[in-house]
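Order of writing sets the chain letters: A, B, C and D. Residues in each chain are counted from 1.
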């Protein structure tokens, strides 16, 4: 499903955020990216979403080499991917409902489908009743949950989650993890960058550890450290 | 140093984020605000910073009733308070150095002081060498550390920290907590909203727990749950 | 497909409501710019009319001897009629002794001594020839054809007047064209500017849309519709202002010219632009506003689309 | 204090560099608006000069009988001199028989028969009186004082001409003032608009500054300095354009009027605005640009200051 082959990413010509990284993620796997702050976790997720191109190496997603992809095909790639961004990236002048609905509108879902699915998903992440709020009328954790809802509302093939529980209390975070596990069970490949040792240790999934841009560990059924 | 007297905060006329909350924080104390997502932790911190006024009740900070404060006195209040915002609130078109320096410029520090202190503080939070980057050239955790640096560079009386470790790996987070403890030792009062059970449980400080806007627990040397 | 249309319309409407500082700014700029454009069309039309009138006034006079025979007069007339037929001369009315005498007395109304020295019989008759061209070379060539013909006393053209009118109308065409280009250029520049600034303010929004998988057109269309509607509202305001200005303008000219027969010579009434032409300006403004708004927004959005 | 100044300057400079889309937009708008304002000053000045010239041309003629005695002429002249002294009459040159005769022949250059009917001896002499006022009531009153005096043949005023000039100059004053107000209003509106949009794009930055403890003035001053400099650059561009336009304009008028003595009557040369006045417009533009930029930015920032 996802393959990195000797990928190096250098920002602005001098910040090497990822050095010669390779791994292979089969369809349906759940994988944790761990490592200290600034080690390159978000960079990997950005490469998979074609937010950036690597300076060296190839990135394969859903059978396609996305470095060689035409610009016009990028939107189609992104629609197969659900993204939970570290800084949420919500549309500030859309309501909670509209933010989540946007991911469905982009793939051309008719209105009645949107009206039915969005409230359902918002209910799952515990935001029922907050549909009409704007992002800046929400707490940090609530905004994060909106971004979680948007990422999987269109049932993507792949889910890229950057710290999806960073601003959540343990109980709510656990709820989100249960959700991700359920989504993973339906065949969605999930790559999640996290700092939460408790979660990583309790789930016992594959763990890829980074340190200053280098993959230093790749362990099935791993723990945080 | 800080006192809340029966404070109620209602957003937009119908979202009661805080209900009849009271507590008293003596000078030099270190206090954790805990509670599920959306329970009102950030709201309390915003009230202390006079970002909002409460609908009912009084808020006292550094001997002043800040609800009755004239608008013109608010900047002086804020300069005595260091703030780590949940969403960092960095100035996007200033570099890391300039963001931290801004807190010193606001209080009129001369340039040589700024040139000396800012690099020192950036070093403390582990950002040496990244002075000239812009916020969007930093990882999530690095941005968070910039906001930590800005909050205490001018040695404030009070430090309000909203999830200062939310985007940090455990090791870096621990480093930041050591820093906060050291600052607290110099007499600075610290109020910190957090979801990190490990940190709260290991520090054994006073814990105020919120649930849907109500203070449900106020315990010295408390634990997360 | 229908859901797409519905989506685009809803998006547009929300763009309006939620960014109304930007909306107001764009609409205002569009209105001002289009008004400038409209005024430039208006000025050009008004001066075109006046210039047309002026060039109608360029003429030379073929004086016949007071005792010229009818045949001699008829010969000159037939030449002039040929020239009229071939389009070199626009018109060439003949003024007989009575009419010449009346004109003489009118011209010398302020000088009674002169006025009373000549009798009707002594007046020369004349053809007032209005050439089709304002060009003084063409006119001089024409004059040469009559000078010295039998029965012709003299051919006189107010040579200076011809030169002045010819130069002046060239000058005024130049000024109004320059004004037109500057005002229209300004209008386009301002609209473009405002749209770009508004897009700049919304660049993060656009970035997020791209990251969620929206195609460029999916993002652009609501912005373009928004620009189109802003342009339309702007042009409606501009059109209303222009129509209002035209009413005031026409009224002022009417009141200035009221009861002044002499004013005709000043061609002042020709500054009045007919409401039909104003209507055509309004149509142009609306098309221009809609196009500039939509295209401008589409292009400006593109700048922020490469994520 | 010194550190504050340094800080403000550095902030300003950075605002420039890092928001250059906004900077370019603001500068461009300021330039365009100020150019409009400058052009409006320019137009008003040009027409003022022409109107001044026109009103100088309003006159009536006191015809003396061809056989009036020297005493009679002297009496009329002394009355006119009194009126000149009291400011009712601007000037009243006397035209003797020779001068009158020459003017008559010049006027009738195109009509040889008429031209040759009168001798110099038969010409009436005349005073050409230029009243200080353009008001036709005042002028009629003045005329009444000469009509019927001994030795005066007649007093004639081109009544229509006086009325037309008086109405026309009122009309043109109205048009140029209206144009001036519209262009200047537009300029102010556009600048305000751009500043507000630019501030809107930076509202989050302002919010953060407040939350970190900056006072309103601490935030405002760099924005105001930025606005001031943008205004200055804009007015420099506008001034340069205006000077350039004036050079072209003056050149065109010169080339149109070259070799045309008659053109003086059309008052065309009076449309040339002296470079001294253009200089004073430039000064006005610079002051206006700086003030509008600084004040506009300060006020617009205030909208986002209440956090």
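Note that in this section contacts are C-beta pairs under 8 Å (C-beta built on N, C-alpha and C of every residue); 3 or more make two chains touch, one makes a residue touch a chain.
By chain, with names taken from UniProt: A, B = Cell division ATP-binding protein FtsE; C, D = Cell division protein FtsX.
This is a predicted model, so every value here is computed, not measured.
Asker: Give me the chains shared as neighbours by chain C and chain D.
Answerer: A chain counts here if it touches both chain C and chain D, and no chain qualifies.
Asker: Among the chains, which one keeps its Cα centre farthest from the Cα centre of chain B?
Answerer: C
Asker: Can you work out the whole-Å distance between the CA centroids of chain A and chain B?
Answerer: Using C-alpha averages as centres, the distance is 28 Å.
Asker: Hey, how far is the Cα centre of chain B from the one of chain D, in Å?
Answerer: Measuring from centre to centre gives 62 Å for this pair.
Asker: Taking the mean of the C-alpha atoms as each chain's centre, how many Å separate chain A from chain D?
Answerer: A distance of 67 Å separates the two centres.
Asker: If each chain is a node and each touching pair an edge, is that a line, ring, star, complete or other?
Answerer: Ring.
Asker: Throw together a list of every chain pair that touches.
Answerer: Chains touch in the following pairs: A-B, A-C, B-D, C-D.
Asker: For a test of understanding, state which residues of chain D touch chain B in their complex under the given definition.
Answerer: 2-4, 6-7, 14, 18-19, 204-205, 207-216, 218, 306-307
Asker: For the complex, which residues does chain A have touching chain C?
Answerer: 49, 51, 71-72, 75-79, 81, 83, 85, 89-94, 98, 102-103, 105-111, 150
Asker: So in the complex, which bits of chain B are touching chain A?
Answerer: 11-12, 15, 34-38, 41-42, 86-87, 126, 137-142, 145, 162-163, 166-173, 195, 197-198, 224
Asker: Could you pull out which chain C residues touch chain D in their complex?
Answerer: 21-22, 25, 28-29, 32, 36, 61, 63, 66, 104, 109-114, 117-118, 122-124, 153-154, 156-158, 160-161, 163-164, 167-168, 170-171, 174-175, 186, 189-190, 193-194, 196-198, 200-201, 252-253, 256, 260-263, 266, 268
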